[in-house]
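Sharing a structure with you now.
In this document, chain identifiers A, B, C, D and E correspond to the written order of the chains, with residue numbering beginning at 1 in each.
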Amino acid sequence: GSTATKGTPAPGRTLTVFAAASLTESFKALGRTFEAAHPGVKVTFNFGASSALAQQITQGAPADVFAAASPATMKTVTDAGDATAPKTFVKNRLEIAVPPANPGKIVALKDLANAKLKVVLCAPQVPCGAAAIKALGAAGLKVTPVSQEQDVKAALTKVELGEADAALVYRTDVKSAGDKVKGIDFPESLKAINAYPIAVLAKAPQAALAQEFTQLVTSAPGQQVLQQAGFEAP
Amino acid sequence: MKTISASPRGRVPWVLLVPALLGLAFLVLPLAGLLIRTPWPTMGTRLAQPEVRDALGLSLFTATLATLVCMVCGVPLAWLLARVSFPGLRLVRALVTVPLVLPPVVGGVALLLVLGRRGLVGRWLDSAFGITLPFTTAGVVLAEAFVAMPFLVISVEGALRAADLRYEEAAATLGASRWTVFRRVTLPLVAPGIVAGGILCWARALGEFGATITFAGNFPGRTQTMPLAVYLALETDPQAAIVLSVVLLAVSVAVLAGLRDRWIS
Amino acid sequence: MSLDAHLVVRRPAFDLDLALTAAPGEVVALLGPNGAGKTTALRALAGLAPLSAGFVRLDGTDVRALPTELRPIGMVFQDYLLFPHLSAVDNVAFGLRCHGARKGAARDQARDWLSRVGLSGCEAKRPGELSGGQAQRVALARALAVRPRLLLLDEPLAALDAHTRLEVRSQLRGHLADFGGVAVLVTHDPLDAMVLADRLVVIESGRSVQEGPPAQVARHPRTDFVARLVGLNLYRGFASGHTVALDPGITLDAAESLDGPVFLTFPPAAVALFRSRPDGTPRNLWRTRISMIERHGDRIRVHLDDPLAVAADVTAAAVAELGLIEDSQVWAAVKATETHAYPA
Amino acid sequence: MKTISASPRGRVPWVLLVPALLGLAFLVLPLAGLLIRTPWPTMGTRLAQPEVRDALGLSLFTATLATLVCMVCGVPLAWLLARVSFPGLRLVRALVTVPLVLPPVVGGVALLLVLGRRGLVGRWLDSAFGITLPFTTAGVVLAEAFVAMPFLVISVEGALRAADLRYEEAAATLGASRWTVFRRVTLPLVAPGIVAGGILCWARALGEFGATITFAGNFPGRTQTMPLAVYLALETDPQAAIVLSVVLLAVSVAVLAGLRDRWIS
Amino acid sequence: MSLDAHLVVRRPAFDLDLALTAAPGEVVALLGPNGAGKTTALRALAGLAPLSAGFVRLDGTDVRALPTELRPIGMVFQDYLLFPHLSAVDNVAFGLRCHGARKGAARDQARDWLSRVGLSGCEAKRPGELSGGQAQRVALARALAVRPRLLLLDEPLAALDAHTRLEVRSQLRGHLADFGGVAVLVTHDPLDAMVLADRLVVIESGRSVQEGPPAQVARHPRTDFVARLVGLNLYRGFASGHTVALDPGITLDAAESLDGPVFLTFPPAAVALFRSRPDGTPRNLWRTRISMIERHGDRIRVHLDDPLAVAADVTAAAVAELGLIEDSQVWAAVKATETHAYPA
């Protein structure tokens, strides 16, 4: 099957969406909705790390829409002139993820400062790490993690496998992990909300469709799908 | 009548057996860990998903093609490094290891810089021939070949260096040109090394992730290979990721167990 | 150390089945045509070729189950097999070190052995830098250095120049005489075999066809191979008294009086050729055809074929005088006193 | 007096030279792309950053240690696969390639499942000895060794298969046990193959990312190797990522160019 | 094809400097002790060993700049170097295919060559499954099959059994006689050299020490190596008429009358030994010491050393009668008619 699809043009028009990996499930659902509403149009997704997608776009990737997991990565694209006027379409909030049994007996953010606990945070370079620093700073806490993870999924994995007693991750991630981790909400998370921007790209081959897709994402039905996955309205 | 073995080749010495078994356990136990965690009941339904089959097929196809590309270019390159002396040989030999050390994602970026639509060579390919490589299946093959070729080159070069040069001399006295010597004497003599290199190359290409996703993107059916599918599955459903990995493993182990002994003997 | 072995090695197109015994101190030479199984027999003794059946007893103990490295052997391979990454002296020291010698001591001994085979000065050379003959001498020194009790030599002198060969041969003889072990020697040179061996075992197609002390084998060959090796014409026949009837219907007179199946031999030099039937009545006289004439150094060998395949040595003068040419007819005569018969 | 070469070894045939040069260009051009994009002026300041030096030092240290671990276990394992026949050999040989095919992140997960705090073996290590491997430098070494060992094993096995067995027989007739044969005959004879395998192993360990970050995490100075630093730099500052990659490359090329020819000759 | 070469190969511990010429159809035998540089000379002719200086002219054209594969040569290596991955027939066919033959034709010809060297039946065997002698014959067939114009043979008969050796030698002779090219043959067997070669070149330490037709070299050896090879005692001396003064202060009478520096030879069999000074006045008589006694087959060789190193062949009866033992004093005499002098 793989050879057959190679280079074969879609029968109708194809909309290409570059989206952060964390949007995979919700965007796939939105894509199906979009296709249903636009017969003959096929939506193809390129999910990956926002930063890698940004690299691809600045190197001339033929994309129509870019949905990033942080304003910073979107900025590298707009700075390069490949997109203008990004819009925030969802926000994401931190939660404390702990193993279901909660061996560290964690109930609030300040418990993470306990030096005996193995806490993992995201690296400061990635959005969830930046958010964690903001939240901890707001709470005036100093937490020494055992690891600064490359992305939020890596942090979550550590908790799922019981390697870490706690991690600061997004609500959406806690939600997608189901019953393998327990999420603990904490008030300071309001101080560290991460925004997801979306933009139509400057050289989009299907600019009109791209515009419609971003409208779908920001529309009420679109927001409903996203909020089911744990995102919050912008 | 049963053959009595008259040449029992001594005991396998402990000092070799113990580290070998340790090494084997180290390589195989994590796999056991994975297998224990695999949600077997869902296996069937996963395998039935067309996306999984697409990804698996694409992986096998691109890895095999990438291995062919590597063979065609890499074996001659290894020969050049092992048999011809030219100025700068040492540097070239060290440069060949570059893609090995380069974090694959950076390798993907580097490929974009050269072969991307705005890249050094890619710009020209685009304007002259209308060829763009990124985000195509051909791009996947290139990304995999870039990452996997050094494995082939280095192990084949090692095999060439260990080969007895005098057979090549004998072939020359029989009127064989260097090409004939290469084809009819050198290649068969270092066949085990080439098989080993090919396996390394194929397996590395099959497992390649970073350079592929960066250079070729992650489009199902076109550039989404199994490792990419695993990566996305990890985002949404870690169990599914394990299942996909196990499928990839099972297929590759089966292919290797099936093919390799045929090549070797 | 005594040897008592029955070596059976089965291969798709070849079977070795050889009983081999040797008393302590005895040197046994294996002779035989190319591909007869001599190397295979040595490899079986060393434990390198698996026995399909049979046994190898050293001093009464069966070592069949013993791996090669535990057998008290030394072996010189037909193609030397010097370790290409070790210098000559380290090649020789290798076995010594395996037998527990310290590095320095092993090297000293190895240097000693090298000088005994005339290679002082080549100590530091790698096998790739040795000439063929030098390599063979290193291989010999390497095998001798471990003072094995069963010494297996596969054409150990083949690559040596004539002079070195004489020297190494006489050294080897001294060495073999000294040591109480058994030596099994493969050689193609009848002289080597005669000089070095106490007993010859002739193998053809994996089977022993003749055994015995060198002199006896040389006098009483029992196969064409041995006959050619020692330079005799050999025939099978049936004797009644001095008269032996050969297969092609010819009768010859022999010096010995015997009855029953016999072998009959005479040297090529005992054959006289005549253009026409000679006068007198030499009884061993027959008409025959010259199939080939060869010059070997200063003597000329004439091959006769019909009715009896005979090699005759004549002088160049005789060839010129008689006008011998290939395909012509001549008369051949052999004196009965030079014709030798013994039971088959 | 100058030596006149009397044995000009024919021309290098085009049919070998062209693909070899193509292959070389393919491997080296992306590097050129990187170098062109490198912001050289900032190089000095980057290198002066203690974090970069820490990461580089840690990378070299762990890769070297991982290579040693792989040598100690992997060479005997390769020998076992090449020289000893036992039931299941084919399967074991195929299983050895598993870590090669496994997407590294999944490899990291598999390691956690076995050696993590709650892993099959890790649980016991923790309770019996108080040893936990994740988040430690030892963990980095293990993760790198896990990923890199197959390269060593497979290329050494290839070299062993191509070696002439008769030298080992000759050694046995001199009284050498299998261990002595291995150490004093087999190893030196296949040295080029082992060097090649070692290089592959070291380079792969040096460039390892996925399994390391998954199993050992990412903490500067303790588990943050260069590839991890590069990856994180890519998130915020692609230029910095390129600089770091180039540093990693320069160091590894220098090490390889310096060491390898010494081993080879 | 004529050959005119000056081969200079410099190595750390060894220098070859050899002028070698051969007329079309000529067979040149290189003789010399182990390590003399024979193999090196062949490799230099083949273009496998780089010349440090000199030239290799074939029919007048210098082929020094020609790579091995373009030289019209065929080579038999001392250790055969059969391709281990090809069957015997494919080994022989290899060169034919390199010279443009189709696969089928090459195989047919190769089978033909194999049967000529007596190996029909071994076609499908891999080199690892051939015996040493079989491998050597395959190597010979492989080199001959390409019908080279310069044939380089490095001890091509060393591993053959005595009978096969005779056969292959006579075939080789026929072959060499047929073909108009030049053959350079390295051998340790004087008989091979005598039978096969038109001219001998004796090399020692990389230098030619004697050249000439076999018979002349055999009669007039000029170095100890050659003398031993052909079994003569050789001395350097200064002649005045029939009297030759040798270095240790002994004078011997020779058959020839010469003046100036000469070589003097006599065969070991020409030496007579006496317990006490014999009566009469044989002029070539001196008192000497027995250093060693050796049995070679059926004759006994006595080595005398002081004042002149001499080998003497005597009968077993003489040894017993005279009670010859090592280290005892005897009188040695040589008839002047058997003593042969020629200018040095």
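In this text, a contact is a pair of C-beta atoms (placed from the backbone, for glycine too) under 8 Å apart; a residue touches a chain by one contact, two chains touch by 3 or more.
Quick caveat: nothing in here was measured; it's all calculated off a predicted structure.
Any chain that touches chain A and also touches chain D is listed here: B. Of the two chain pairs shown, B-E and A-B, the one joined by more C-beta contacts is A-B. Chain centres here are Cα averages; for chain A and chain B they lie 32 Å apart.
Spacing of chain C relative to chain E, judged by their CA centroids, is 22 angstrom. Here the spacing of chain B and chain D, counted between their Cα centres, is 14 Å. With each centre defined as the average position of its C-alpha atoms, the distance from chain C to chain D rounds to 55 Å. For chain E, the set of residues that touch two or more other chains comprises 47-48, 67-70.
Chain contacts: chain B has residues 9-10, 105, 109, 113, 119, 172, 177-178, 189, 191, 231, 234, 238 touching two or more partner chains. Residue positions 52, 55, 157 of chain A each touch two or more of the other chains. Contact residues of chain B toward chain E in the complex are 166-167, 169-178, 180-181, 184-185, 188-189, 191.
For chain A in complex with chain B, the touching residues are 1-3, 5-7, 21-22, 24-25, 44-48, 52, 55-56, 59-62, 153, 157, 160, 176-177, 180.
By the touch rule above, chain B contacts chain A in their complex via residues 50, 53-54, 57-58, 61-62, 105, 108-109, 112-113, 116-119, 132, 134-138, 213-214, 217-222, 231-232, 234-238. The touching residues of chain A, counted against chain D in their complex, run 49, 51-52, 55, 72-73, 76, 118, 120, 123, 125-126, 145-150, 154, 157-158, 161-163. By the touch criterion given at the top, residues 46-48, 67-70, 73-75, 77, 81, 83-86, 94-95, 98-99, 142-143, 146, 152 of chain E touch chain B in their complex.
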